[in-house]
Amino acid sequence: MLRYIIKRILMLIPVLIGVSIIVFLIMRVFSPDPAPIVLGQHATQAAVDAWRQANGLNDPIYLQYLHFISGALTGDLGNSYYTKAPVIKEIFARFPATIELALLAILLASLFGILIGVISAVKKNSIFDNAGMFLALIGVSMPIFWLGILLIIFFSGTLHWLPSSGRIDPLLQPLDITGFYLIDSLITGDINAFKDTLIHLILPASALAMYSMAIIARMTRSSMLETLQQDYIRTARAKGISEGRVIGRHALRNGLIPIVTVIGLQLGSLLGGAVLTETVFSWPGIGAYTVACILKSDFPVVQGVVLLIATVFVLMNLIVDVIYAFLDPRIKYSKKEV
Amino acid sequence: GCGSKTDGGKEAPKANDTLIYAQGAEPRGLDPALVDDGESAKVMINIYEGLLKYNKDSTKVEASLAKTWEVSTDGLTYTFHLQEGVKFHDGTDFDAEAVKFNIDRQIPPQVTADMAYGSFVYGSVKNVEVVDKNTVKVNLTEPSTPFLSNLAMVMSAPMVSPKALKENNNNVNQAPVGTGPYKFVKWAKDENIVLVANDEYWGTKALTKNVIFKFIKDNSARVVALNNGEADMIDGIDATVVKQITDAGNKIFQAPGMNVNYMAYNTSKAPFNNAKLRAAVSQAINVPEMVKSLYQGYSEPATSILPTFVEGYDKSIAQVAYNPEAAAKAIKEAGLTSVKIMTYTNPRPYNSATGQALAESIQGYLSKVGITATIDSYDWTTYKEKLKAGNYDICFYGWIGDNGDPDNFMYLLAHEDPTMNVALYKNEEFNKLIAKGIATPAGPDRNAIYTELEKIAAADAAWLPISHAETLCAYRPDVKDFYFHMTGVTPFVGVSKQ
Amino acid sequence: MLLEVKKLRTEFKLKRGTVTAVDDLSFTIDKGEILAIVGESGSGKSVTSLSIMGLLQKPGKIAGGEILFKSQDLNKMSQKELQKIRGNKISMIFQEPMTSLNPVWRIKDQIMENIMTHMKISKKEALTRTIEMLETVGIPSPAERANDYPHQMSGGMRQRVMTAMALACDPELLIADEPTTALDVTIQAQILELLYRMREKFHMAVLLITHDLGVVAEAADRVIVMYCGKIVEEAAVKDLFAQPLHPYTVGLLQSIPQIDDDSDKRLYMIKGMVPNPLNMPPGCNFSDRCDRCMDRCTKEMPELQDINGHKVRCFLYDKAKEGELSAK
Amino acid sequence: MQKDNSAKAEENLMQAAEYVEKPESQLKEMWATLRQNKAAVVGLLIIGMLTLIALTVWVSEMLGLQILPYDPNYSDMSKSFIWPNAEHWFGTDQLGRDMFSRILDGTKISLFVGVAAVAISLSIGVLLGSIAGYRGGRTDAVIMRVMDMMLAIPSILLAIAFMAALGKGLDKAVIAIGLVSIPEYARIVRGSILSVKENDYVQAAKVIGNGDSRIIFKHILPNIISLIVVRATLGVSSAVLDTAALGFLGLGVQPPFAEWGDMLGRARGFIFTAPYTLIFPGIAITLTVLAFNLFGDGLRDALDPKSRIK
Amino acid sequence: MNEVLMKVQDLSKHFTIDTDWFGKPVSVLKAVDEVSFTINKGEAFGLVGESGCGKTTLGKILVNLYSPTSGKLFFEGKELSALNKKQRNSYCKDIQMIFQDPYASLNPRMTIGDIIAEPIIINRLLPMSEVEERVIFLLNCVGLARHQRNRYPHEFSGGQRQRVGIARALAVEPKLIVCDEPVSALDVSIQAQVLNLLDDLKAEFGLTYLFIAHGLNVVKHISDRVGVMYLGKLVEIAPKRELYANPLHPYTQALLSAIPIINPEKKKERIILKGDVPSPINPPAGCRFCSRCFKELEGCKLNAPILKEITPDHWVACHLFD
C-alpha cells in the first residue's frame, strides 16, 4: 500500500510538468502582453520594452520555461507582475478561502446528495424519488452563477437574512493562523467569529454545492439501485435481518464506493465552479482572483495557481483512491496498473 | 494578511469606531511609486502625505508636509520648507533626506519601468538638494507649470519612509509606511484592508479609530452590502441603483468628476482621415439622449474635452450638434457604409456602462444613418494591446485627470504613443501650443492657450467627447462629513459616525 | 410434514405481459428429507425458492397458493415475522458463491450477523460459534480465515462459508439453489459431500435445486422435474431414473453423454428450444418439442396425476394403470 | 403425425422461403423504449422546439427576413429598461433592445456552440480514446497522461485561459469549450474500448483475420456508439452551460450578438432596476440544459440493454 | 490416419502480474507451462481440466490470439512460431475457434449473415457475388434458416448463437477448429443438439478439433484422444477409452470419480480431493498437484514429473511411474 502511494506520487510529477507546460504555452505564447496593463495609463512603448526585457519576456520561450520551472522547484514562483508580491504569498492569502468554501460545499453536496439518492433508490418511483430526481435535474441544469444571483436577490436583497458577500464581518475577523476562518475562530475560541463565518458561507456554499449535490444524488441513486440488485443483498435478506439493516449496513456501504470517486471528481469541478461562485459572491478566493489574473495576463500568478490547483486535484484523486481501497477490500495494489 | 492587530487586544472594535468603505476592486498595491489605480489611491490618501495637497473642493494646491515653498523666477528651482517634528509610522523622522530619497528613487538612474507615474510627476526634475534638515531644493531641467500640482497627487508624490523602503526591497506595496492620519494594520487579500488612526499624527487627528476598505466586486452586491449594513460607504455605483439605495434610507454623494469619456476616430487612415466625414458621423449621434439613457443623469453630456471646473474650460466651446439628416446626407455622399468599432468590455470610472454598451448604442445611431458597424470588444488589457495595431475606424477611451491641470487632458492629442493618442491625431500647430502651455506660468494667458487647443480639437472632430462622469457614492445616514475628492480619493480624517 | 407448498403461483408483471414463472406448484418436504428440483434454466426453480423465502423482488409477486411451514402460511406473515424464520428455521445457499457474499465485510462479520440476529448470545460467543461452523464445513485454520474478505477465498471456500452461514442457526429446512453449478467438478464433489454430511449431522430437510441430473441421482431422496414453471414429474429418485415417464424427462436422460457408456452413438436430441415465457405454446408447454405430441396436447394442459406415488403431467398416462405402465 | 406436420412446416420455411426477413432496426427499437420515457419525450420536444426556433431565426436572417418581433441587435436608447409589457414581452435591456427577440435569437448561438463544441471534443476525443484503448501500452500511457494533465486543470479555468489567449468570438468559444472536454470523451471511449476489446467477438474478429482498423471501426466503435451518443447529448448540455459561463464572465461572443450568458452578465448590474433582464436568460439556459439532460438520460435508459426489449 | 496436423512442443505462456520498480516481473502467472502434445489430422483431441488451468490460453495461442512465451508450434510440419507476423497471418485462417460464451462471441451490431460473410469477404475467399450463396449454405449447415439471415444475435437463443459461431468458423474452411467449451454455457437439452452438430460437421468437412471442456462426459463423447491439464501442465494424455478405463494420474482418477453418474443404483467410490486448486501465480517447483494429491511420494514437492509414455499412446506425468 505504501509502495503504491509512493509510486502514485512519483507518477504525479510528469503530470504536473505537463500541466505547467500547457499553462505556460497558453499564457506565454498566446496570451496578450501584460506590459501595458502593468505599466498603466502613462506607459510608453519604450517603458513597455524595458519592462519586458526586465521580466525576461524577450527570452526564447524554452529559456523562460526553464527559468520558471527551476524557480518552481525551489519554491519560488516569481512575483506577480501586477502587485509585485511573491506569487506564493498571493496564492496562500486566498487559497484557504476557496478551500473552506469548497469543503463546505462538498460537505453539503455529499450529505444532501447521498440522502436524496438513498431515499430515491429505496423508495423507487415514489413521490420522494420523483421529487428528489426532479430537484437533481434542475440542479444540474441551472447555471451556478444564475443560482447564486437568485440566492442573493432573495436571501440578501429581499429578506436581508444573509450577507451577500465576503467571508466575515471584518470587525470579527479572527487572527490569521491557518487562514481558515472556521478553524482560526475555533482556535482563538471566538464563537461569534465562527458563527459569522458560517453565516457568510451559507449562500455561496449552497450555490456551489447545488450542481455537485445533484450529481451525487443521481449517482447515489443509480449505484444504490444497482447494489440493491446484487446477490449479497439477497443473502443478507435471507439471513432474516431487518430491512433497515440490509440497506444501512449492506447496501449503503457497497453503494457508496463508487460515490467516493464521484465526490472526489466533484471536488475538482468545485474548484472550477468556485471561479463563478466567487465572482458572484465577491468571495476572496483563488478562483475569481485567477480569472482576473488570466485577463490581466499576470503570467507568474496564473502559472502558480494552475500548478497548485493541479497538484491539489491529482492529490485529491490519490486520496480518493486510497479511501476507495479502504472502503473496498477487493482492490489490490499488487496488480499492475492498466 | 500579515501581522496582527497592533492594539485594541482581542476585543472587537465597537461599530462606531469603525468606518467600512466598500469598493469594487482590490488595490494593486500601496506603494505610491509603483501603482496607478484609483482603488489604491483611496487607501493611500489616508496613509501617506505629499509635500503638497489639493484643496478639499478643487485642485488648488495647499501646504502639507511642506509648510511653505518658493519658486525661482526662471521656474527651474523649487525650495520647500518642511514641517518639523513629523514622524513616519515606523517612528523614523520625516526630513529633507527623506524627500530626496523619495524623489531620487523615481528619477533616473534609479527609476524603473514599472514606476507608472515617476516620469509624469518628476519627469522634469534634474536633481534634489538637501539644504538642511528641514529644507530641500528641487532643480528642474525646464520650467513646468503643472509641477506643483503634480506634487499634490496621490500617485508617486507621497512621502514613504526610507527605512521601510530599504527593508522591503524598494517596494512597500504590502507594507506601506507614511506620515498620514491612518496607519496600515493588515491586508486580507481580496477581502479587506484595515487601517487604524495614527495617534502620533502631527496634524488634526482622525475622528474615527478604524477604517476598513472592503472589496466587493459585484455592483449589486455592494449595494446589498450597504443596505444590509455590511458597509458604511460604497462607491462605483451607477444610476440604476440610486433609487434602491435611497429607498433603504441611505444617502447618495454626488460630485463632478475630473474625467472625460470619449469616442475617437482613427485619423491616420481612410475613411476618417477626413475631418468632414468625422464631423458628419459625430452629427449622427445624439449624445445627450445616449448619456441620459446610459448614465441616467449621473454623467454630464460633454461639450468639451476639459471638465467644467478645470482651468481653460470655456463655455463657448461646442462639438457638432446632433443632426441625423445632415449626417445621413454627408455620409451618403462620402459613400461610407460600414465601420469597424473596437471597444472594451469593462466598466471604467468614466464609463460605468462599459465600453461595450456605449459602442452598441452608437452602433444603433449609426445604423439610422446607413452605416453598419461591427464591434470587436476586448477586456481592457487586450484592448490596449489591440489598439496599438490601429486596426479600427472608431474606438472608445477615456481619461481621468491626475492633477487638475488642463495639460493633463489636452496633451493626449499630442502624444506620440498610439495607446495614449488613440485617434492617432497629428497636428503640428496643436503640438506647438501644448509645449507652450506647459512652459507658460499659470494665469489667464495660459488658460487662453488651452481654450484655443479645445477649439482646434472640436473643429477637427478627432474625438467625440461623450460625457464627464460624476462621482457617485452612497453612504449610510449615520456617517458624517463623508466626501469624495474630485481626484477620486476618499480622505477619512474628518469623517465620523454616530 | 415440514413444508407444504400448495398450488403456488408466482408471476412477474412486466410491461410486455405477465410471466408466470411458477404455476400450480405443489409439493411437500418431510423432516430430514432431501427433495431435489431439476429443470432447465428458466424453468422456475429459483423463483420457487425465493417464493418460499419471501424474497421475491418487484415485479415478482406470489399470485396464489399457500406455503405452509409447520402449518403456518409464510405467505400471510408480516415481514417481521418472516425475518424471524429466515436465516433461522429456514436458510438458504445461493447459486453464485462469487457474488452472494458481501465483498466489503469480513466473512466472520457476515456469519456473526446471522447468528446474532437470531440467537441471544454475546458477540464473543457468536464469534466462537462462527469459527466452529467454519471448522465444521471444512475450512482449514478457521480462526484465521474468518478474518478474510470473500475475495480472498476461492469459489469452493466461499460456498463453504455460505453453507456455514446457512447452518449457523440450526435450520430445520435448508434450501440450496444450485450450490455447485458454478464450481469445478472436484470442488462440486466436495460441496455435495459436505451437504450430505451436514444433513446427517444436523438432521435438517434439504430442498436441493439443480439442473444436473447426476447430482440428483447421487444426493436426493425424492425429485421433482420442472418445465416452464410447472411440475412435469415427481417421484422417488430410484423410480424416476429407473422408469422416467414424462417425455421431457426421458429426453433429458438420453441426451446427456454418459461417462460409463462406451458406444459412439449419436446423442438423443430434444428438438427446438425452451419457449419464451411470454409466448407459451397452447396446451402442454412441452408439446412443441415433444416426439410423442398428440392433437390434444396442443389444446389442453394435462393435469399432474399420481400413479402409485409417481406423479406425471402428461396425457400419455391419462388412463394409465399400473399394468400398462410397465408395458411401455 | 403431429410431429411430421411441424417438421414439414419448418422445412418449408427453410427451403421454400425465397424472401429474406428485413433486418429489425435497432433505432426503431430504441425509439420504442425512448417513447415510453415521458421525461425523455419532453426533453426531445423542447430540443425540437429550440432547434426549430434556432433554424427559423437563422434561415430568416440569411434571407434577410425579419420574423422576430424586433431586430434583436437594434438599440434604441430612448427605450431602455422597459418592463415587460404587451409590446415587449420580456421587456427591453439597457440599450433598449427587445429582450424577447434577443432570447429567441440567443437560441441559435447556444445550440450552435453546444453542438459544435461537442463535435470538436467528440471527434478528437473518440479518436484519441480509440487509439489509446485499442493500442494499449506506451501509446495509451502517453495519450492518457496528456489527458490527465488537461483534466488536472479545472475546465472552466482552461476555457477562460483559452479565451483570454484567443480573444472573444463565437468560433473561439467553440474551440475553447470543445478543447477542454476532449479528455472526458477520450476517457470514456478508452474505458469502454478496453472492456469491449475483451469481448469474445472482438477476439473472434481477430481470429477470422480482421485488421486493427477494421476491428476498431466495425467491431468496437459501433458497440460503444450508444454510450458516445448519450455522452454527447449530455455533453451538449454542459457545453451550453460553459458557453453561458464564459459569456457571463464577459468572455463569450462578440457584441452585439445575443448570447444568454452574456445577457446574464450584463443583467447582473441591474438586478434591482430590471430583474427581468436576469430572469429570462436564466430560464432560457436552464430550459435548454434541462432538455438535453432529460433527453440524454432517457436515451441512456433506452440504450441500456438491461432495459431494452429482449 | 495418424498424420500429425498440429504439433505443440514445450509451449508456455506466462503473464506478468506485477513488476518491480524497474519493470522486472516479480510475480508471473504461468497459465500454460511447457506443454507438449500432437493433434492428428481428422481427430478430436479433448482437453479437460479445472477452471483456470490454462485451457483457453492454450487454445488462444493456437489461433494466434496470444503469442507464446516460449515453445514451438508446428502446423502441417511448418513451424508457425518461427514465422514473422505476416507469414503467420496467412496460416491464421486454417485454424479457427469457437468460443465458450455464445452471448459474448457475436458482435451484437451485426446481422448473423454479415457475421458469417465477414471472414469470407476479408479473406477474399469468394467473389462477392457468391458470398451470399455461401452464407446461406453455411446457415443451412448449422441448422439455421435462410430467412434468419438478417436477424441480430440478440434475437437468438444460446444454442442458435453457438451455431452461428460454428458457421463463422466454418466459413474459411479451416483445417483445425479450437472449440473452447462450446456447450458449457448451454442448457442440457440444447447441449446435445450442438454436440451432434459438431460431430456431423467433423465427418462432413473432415475437420480436426481441439475440444476444450471441463465436463469429462462431454469430452469423452466427442473426442478420440484426451489430454488432462492441471494448473498449466498437461498431466496425462491417452486415447479416450484407455483414459476412462485406466486413468493413471491421481488427478485424472479423482476427476473421473467426481463426476456424478445418472444412476442412483450405482453408487461408486468417490475420491474427494482436499483443498482447492492453488494459484497459478508463482507456482511451486515440484509437482503442481502435490498439495491435493492422495498418493504423494517423497520428492513430489521438489521435482516436477515429466510427461512419459507409459503404455503405447498413454502418456502421464507422475512420479508414481518413474
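For reference, chains read A, B, C, D and E in written order, and residue numbers begin at 1 within each chain.
As a convention for this text, a residue touches a chain if its C-beta (ideal position, glycine included) is under 8 Å from a C-beta of that chain, and two chains touch if they have at least 3 such contacts.
Owing to the predicted nature of the structure, the values given are computational and were not obtained by experimental measurement.
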* Structure fact -> Shared touch partners for chain B + chain D come out as A
* Could you let me know which interface, C-E or D-E, is made of more C-beta pairs in contact? => C-E
* Structure fact -> Farthest CA centroid from chain C: chain B
* Structure fact -> Per the C-alpha centroid definition, the whole-Å distance linking chain C and chain E comes out as 32
* Structure fact -> chain B to chain E, mean C-alpha position gap in Å, rounds to 87
* Distance from the CA centroid of chain A to that of chain C, rounded to the nearest Å? -> 53
* Listing for chain D: what residues touch at least two other chains? -> 164, 268, 271-272
* **Per-residue overlap in chain B, given as positions that touch at least 2 other chains** => 218, 220, 379, 382
* Asked: Mind pulling the chain E residues that touch 2 or more other chains?
  -> none
* **For the chain E and chain C complex, residues of the former touching the latter** => 50-51, 157, 159-160, 187-193, 195-196, 199, 214-218, 220-221, 241, 244, 254-267, 270, 272-273, 275-277
* Once bound in the complex, which stretches of chain D touch chain B? -> 73-78, 80-81, 94-96, 164, 167-168, 250-251, 254-256, 266, 268-274
* Given the complex with chain E, which residues does chain D contribute to the contact? -> 10, 13-14, 17, 19-24, 26, 199-201, 203-211, 214, 218-219, 222-223, 305, 310
* Structure fact -> So, in the complex, the side of chain A touching chain B is made of residues 32-34, 36-45, 47-48, 50-51, 54, 82-85, 89-90, 93-94, 97, 149, 152, 156-157, 160, 163-167, 169-173, 175-176, 188, 190, 192, 279-285, 288-289, 295-297
* To do: In the complex, go through chain C and note every residue touching chain A.
  => 50, 53, 55, 57, 79, 82-88, 91-92, 94, 96, 99-105, 113-114, 117-118, 149, 151, 162, 165
